[in-house]
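As structure tokens, here come the structures.
The two complexes that follow have subunit A in common; it is paired with subunit B in the first and with subunit C in the second.
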Partner chain A sequence: MEEIYRELVKIVGERFVSNQPEERFLYSRDPGTMEPHAPDWVVMPNTTEEVQKIVRLANRQKIPLVPMGGGLVLSGLSRPLQGGMVLDMKRMNRILEVNEASSYVVVEAGASQGMLQAYLKKHHPRLKHSIPDAPPIATIGGNVLIHGSGHLSAAGGFHSEMLNGLEVVLPTGEVARIGSCSASPYWFSRSPLPDLAGLFLGWHGTTGVVTKLAIKLFPARPWNDVGIFVIEDPELAPDIIRRLARVQVAEDILAWMSPKPDWARGFQMINIAYGAETKAELTLKRNLIRESVRPYLERKVGGFMPLPPDMKVRFLEAPQSTLAVFADVNKGGGFEYVGAIMPVELFAPAFRKGLEIAERRKVPYSLGARIVGLAHCMMFFYAYAFNRADQADVRRAQTALEDTNALVLEMGGIPWKAETPAQKQIIKKMDPNTFALMNRLRAVLDPQGIMNPGNWEA
Partner chain B sequence: MSELKYDQKICTKCEKIDCLTRCQHIALELEEARQEWMKILAGRDSRVLHECLTCYACEEYCPYHNHPFYLIVDRQEELSAWPVPVPLTKQQIAMMAPKGQIVAQKVSAPVINLCSFPMLAGCIQGKLFAGASIIGGNDLFCNIMWLHFAKNSVIRERLPKVINNLMDYYLKVSGVDELICFHDECFGTYTQLAPAFGIEVPFKPVHLFEYLTKKLTELKKEIRPINAKVAYQRPCSNRLVPETQHWVDEIFKLIGAIRPAREYEGENALCCGMVVQAAQRDDQADDLQKRNVDDMAAAGAQYCVFNCPMCFMTLKGMVAERGMTPILISDLCRIALGEGFWG
Partner chain C sequence: MEHAEILHRCFRCGYCKLPGSYQDLNCPSYLQYRFETYSPGGRMWLLRAWLDEEIPSSARLQEILFSCTACGNCVEHCVFPKFKADVLNAITAGRGELVNEGSVPRRVSDFFKAIHLYGNPYKLPEADRGAWAKGLGLEPYRGQEYLFFAGCAGSYDERGQKMARAVAGLLKDRGVSFGILGALERCDGNEVRAMGEAGLFEEIARQNIAQFLDAGVVKIITLSPHAYHAIRNYYPRFNGIFQVLHYSQALARMMSKGKDQGADTPLTVTFHDPCYLGRHNQDYLTPRMVLAALPGVELAEMDRARVDALCCGGGGGNFFTDLLGSGPDSSSRVRVREAAATGAQVLAVACPKCAKMLEDAVKAEALESALRVMDLAELVQARSV
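Moving on, here comes the complex of A and B:
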């Protein structure tokens, strides 16, 4: 063990490697409910070359290697289930290039959402990226690789769909470039080449270590507004969401349902955020959005909340700070959710069954759905807060999450960034040939089986 | 259930039907207005119930003070002619519900009631409000807003409890019998709406404008004239108490503000548009707001002064975009006294 430590010190320097109990404790867990698993070493590389050397060392020694971004996935995917090394990518946080003409940015995998947001605001104020509702230290790389979604997902789909290209250190130590950057100095697209990005998206770090990536940027508009459409019948939601999305002016459509504050209980609120270059364009877009749901307005079964501009400000925040308030509603800082990728038509049963689970397990809940694309699907989330210092509370939330994962699969959805038990549930439902193909690809890429073992395993 | 104090005979004999023919939002000639009003009197549906923007103006236009607006709202509720989508109405009713968190508190005159806007407590400072007690919160919410939602039933249910709260938790225990209404809506509620519904008000409501006039008169020597043109955004609730309008002129005179002539003033004042947006009629709200702010700018106003916090929040951005300073009237008075302002 000491020898490995010394090797790692040689690669990254003494300040950036640890085998001490404090770091091993911190890196053994995330804010979710999954049991802790301590690493033997935590290492923070600064360059792709250092990552290569670490991967080669892990290969030689057959040591498990778990890449980690912000460590905020909540479902425990960066816990080293079989010990070994946690590869904390946060030092590799450089913003390498912004191409204004083709609207993309190239970043290192440890660059955080907050850093890029601030950087663009300062240096490229007419461009922005899609921000997930995660703390600002969440990494861009991590979120793209788990198929995240965010404040531009109605316009641009999943964050993985906004990916233009990757640089990845393969489990055997070679560096590969994926997308246009493999054959051009520009990182403009994954097309028209064979799309190898799929080998690294949704695999939870089991197929390589992404070191750089390019993502699409979008216009940052000077005029912005949000409408909040309120209904009290979840059966209406799918059609309303489809209508709102198909107008193709929304940047983000987010439904939310919560028992708190009191006035929100029993209602479904659908936030529609949009931006424009001029006030006149903003008004035009508002009118288009309103017109799309005209039949519901005329029947008086839904309507846009009347809010003065000051009261809209918090709904235009990215990320939304209100989620942080909910995350600590029980105090003790525990928060986890099942994000279920599912068709929009399942909104009503997803909502009703979520309420049943929260009631049965007696956990504070917040439900919602981020719409992806033109209502092509949604990320329906069931969030449960708990006190990490209270084991009974943790257990209640854990049980609610297990129930929810089972429910999601039963309805026809798929748990997103699934915890290892949920991965097993997914595999059970998966076409066996699909799972066999996954295993064959993984065996080719990672012959020693060092990459985040314990994930995507039956 | 409190019955509306309303005399059908007066309407039956009415020759001018001012309540409808003078309506700013529904175009009705006299004969059609009469027919529509007769339908309303008979408890039948009418286009008026569906097109009404709930601006309160007909309450002012009726020369007999026969409460045509309250009758329209009663009929809207009876016939489910909801001006605002039902979920929004239910949500607002939940949002503005009494919290039951009120505790008895000794207060001393002057007692300033902020109603459901306790966040405006920062306005209550300086020489104008020296020694004032401030009260507010949902348990003291006057509930007049339900006129915009066809929910007189909520007013009838909640208003008596609010009056009891004011008395039992503050005024009676402190031996105070006057309540300064910071918001015009409260004054309208306690002096005009409550009596119309037969609800007793056992204290003396005082309009903020009257209070400010008295205080400014006392502090006259310290006033530094504003010397600026100031447009006044008249709130909908002031339609219930038009007799208070002269206080605005007196305040302006005391602080040296110039009230420019405007098209949309007094009985011709325009709604801020918020309730129109609640009724999902954004086009109409846009039109009202544009005409209103254009008119202020055309009059050369440098400030736009508000009493209603909701009008203030709704219009302040648009007013500022046109180069005018949006400001609450209490803050404008404080500027005249050489003090800073909060809002």
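Moving on, here comes the complex of A and C:
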């Protein structure tokens, strides 16, 4: 153990390696409900070359290696289930290139969402990236690799769909470039080459350590607005969402259903955020959105909520800082959610059955759905708060999450960034040949089985 | 432990690590060390683990807790309205627990020992405390309108002394009625408090209060925002109620009658908000009013200013203990690089600790030819007729 520590010190310097109880404690857990698993070492590389050396060391010594971004996934994916090293990537946070003409940015994998947002605002104010509603310290790399979604997902789909290319250190230590950057100085696209990015997306760090990536940028409009369409019948939601999305005006469509604040209880609120180059264009877009749901307005089964300017500002905030506050709903400091990727047509049963689970398990809840693409699918979230200081309460939330994961799979959805028990549930439902292919690929890429072991295992 | 009830309520969302713009890391110890343990949320979770005996007391835990600069960025940017005000208080209370247990870093215990034995962290004779005022012809305090309180840095630190002389000289030139305590002055105790030694702080505060009251002090002008903070916000807990001004506030009053007369050659200045004037006492305007009153001075703000200012790294006792350490990621060096990027010729400060920290950082970054650190009083003097 001591020898490994010394090797790591040689690679990254003494300041950026720890085998101390404090780091072992903190990196053994995330803010969600999953039980802790302590690493033996926490390492913070600064360059791709350092990552290579660490991976080679882990390979030689057959030591588990778990890459970590912001550590905010909540489902415990960066806990080292079999000990070994946690690779905290946040020192690798440089913004390497913004290509205004082709609208992309190349960043190191540990660059934070907030840092990129601020950088673009300052240096490229006409461009923005799709920021998730995770706290701004969350990393771009981490979110793309788990198939995140965000404030431009109605326009651009999942964040993994906005990925133009990446640089990855393979589990055996070689560096590979994926996408146009493998054959060109430009990081403009994953096409037209064989799309190897899929070997690293959604794998929870079991196939390599991504060190750089390029993502698409979108226009940052000077005029922005948000409307909230309110309904009382969840059965109406899929058609309304489809109509709102298919106008192709919205940057983000987010439904939310929560018992708090009191005025929102019992309703389904659908936020539609959009931007424009001019005031006239904004008005036109507002009218288009309104027209899209006119049948519902005429039947008086839905309507746009009047929003005072300060509330609009709050709803246009990206990321939504108020979301984290849900953790303190019962002075408990914790929440976790099942993010279910599912078809929009399942909105009503997803909502009703989610409510049943929350009430049955007596957990404070917040439900909602981020629409991906032109209502091609949604990330329906079931968030449950818990009191971190009360183990029984943590267990209650865990049970609600387990019930929800089972429910989602039963309905035909798939839990997103699933906890390891939920991964096993997914595997059970998965075509055996698909899982066999996953295992074959993994065995080829990671012959020693060092990468985040315990994940995507039956 | 006081505030223990909020430790588990921290979600570790990390807003506390950032400024409002999210542009870069704004927690000095996290910026320097990068382990999650050195972030405010990390400290909250570690404290809880330590109180629950999940982790032992260790040298590293001590270093983690005492490397916090108490800058208040976490309090400012925490998104939990119901307990954010006590995030830093919880960390200070945690330090207090370690103090009570006798488990503090050597440099911290040395600091407390120096205060006990010498009455100042510099281990210099109390008799030398008034030496900074030599040759200025300042009067001892005997009922003038204001007491000018130089504090330990203003009394003993070479950079602080220069600043104290500039401030006192200006006050005198502008006809302000004030006196000093000279060798009779004592440490204000703010760093003792911030390092968790509540008992010693109370003793210091009570001694100072008694001395001030005996001398008939009603109004105080402090050199350091740290002293300003302690006297304004903590002395009242021990019935020490005084009208306290930071020297920038006194300067602003003197200069409130329009632009100062004097040199008007163009000078671009950027201002570094001291944490104990800014985030801890919400005064961002006064120093800028002083700068605005100076002819020819143009203010070029850093990206991180006011509530978002990056601490110089000298707060929370680190000015004396240096547990934060040096290097390119030390907040003082990051800060002077940020200041230089504005194109300013002068980095204006309003705190002797900031002055020293940032001046050293300018040297470490080899920026001497581009950027000069000046305190507000030095700037006013330089621009006056």
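Operating definition for what follows: the second predicted complex is superposed on the first by the 457 of 458 C-alpha atoms of A that agree within 3 Å, B and C clash if a C-alpha of one lies under 4 Å from a C-alpha of the other, contacts with A are read in each partner's own complex, and residues count from 1 in each chain.
Everything below uses one rule, namely that contacts are C-beta pairs under 8 Å (C-beta built on N, C-alpha and C of every residue); 3 or more make two chains touch, one makes a residue touch a chain.
Keep in mind that this is a model prediction, so the values were computed, not measured.
Engineer: What does the overlay on subunit A give for subunit B and subunit C, a clash or a fit?
Structural biologist: Taken together on subunit A, subunit C would fit alongside subunit B, as the superposition shows.
Engineer: Subunit B or subunit C: which reaches more residues on subunit A?
Structural biologist: Of subunit B and subunit C, C contacts more residues of subunit A.
Engineer: Measure off the angle at the C-alpha centre of subunit A toward the C-alpha centres of subunit B and subunit C in the combined model, and quote it in steps of 10°.
Structural biologist: The C-alpha centres give an angle of about 70 degrees at subunit A.
Engineer: Scan A:230 for contacts with subunit B and subunit C and give back first, second, both or neither.
Structural biologist: The answer is first: A:230 touches subunit B but not subunit C.
Engineer: For A:60, using the defined touch cut-off, is the partner it touches subunit B, subunit C, both, or neither? Pick first, second, both or neither.
Structural biologist: Touch status of A:60: no partner.
Engineer: May I ask you to decide whether A:429 touches subunit B, subunit C, both, or neither, giving the answer as first, second, both or neither?
Structural biologist: neither
Engineer: Determine, under the contact definition given at the top, whether A:333 touches first (subunit B), second (subunit C), both, or neither.
Structural biologist: second
Engineer: What is the contact status of A:395 with respect to subunit B (first) and subunit C (second): first, second, both, or neither?
Structural biologist: Neither partner.
Engineer: Tell me which partner A:322 touches in the superposition: subunit B (first), subunit C (second), both or neither.
Structural biologist: A:322 sits against subunit C, while subunit B stays out of touch.
Engineer: Rounded to the nearest angstrom, what is the minimum C-alpha distance from subunit B to subunit C in the superposition?
Structural biologist: Scanning every C-alpha pair, the shortest subunit B to subunit C distance is 17 Å.
Engineer: Which subunit A residues lie in the overlap of the subunit B contact set and the subunit C contact set?
Structural biologist: Shared contact residues on subunit A (touching subunit B in one complex, subunit C in the other): none at all.
Engineer: Okay, in this complex, where on subunit A does subunit C touch?
Structural biologist: 15-16, 18, 20-23, 25-27, 31, 42, 44, 70-72, 88, 90-91, 112-115, 117-119, 121-122, 135-138, 321-322, 324-325, 327-328, 331-335, 387-389
Engineer: Please name which positions on subunit A make contact with subunit B in the complex.
Structural biologist: It is residues 230-232, 261-265, 267, 283, 286-287, 290, 296-297, 300-306, 308-311 of subunit A that touch subunit B.
Engineer: Under the stated contact criterion, what part of subunit B meets subunit A in this complex?
Structural biologist: Touch list, subunit B to subunit A: 82, 84-88, 90-92, 94-95, 97, 274-275, 277-278, 280, 282-283, 286, 310, 313-314, 317.
Engineer: Please output the residues of subunit C touching subunit A within their complex, sorted ascending.
Structural biologist: 8-15, 17-18, 21-24, 33-37, 42, 45-46, 49, 54-56, 58, 60-61, 64, 79-83, 303
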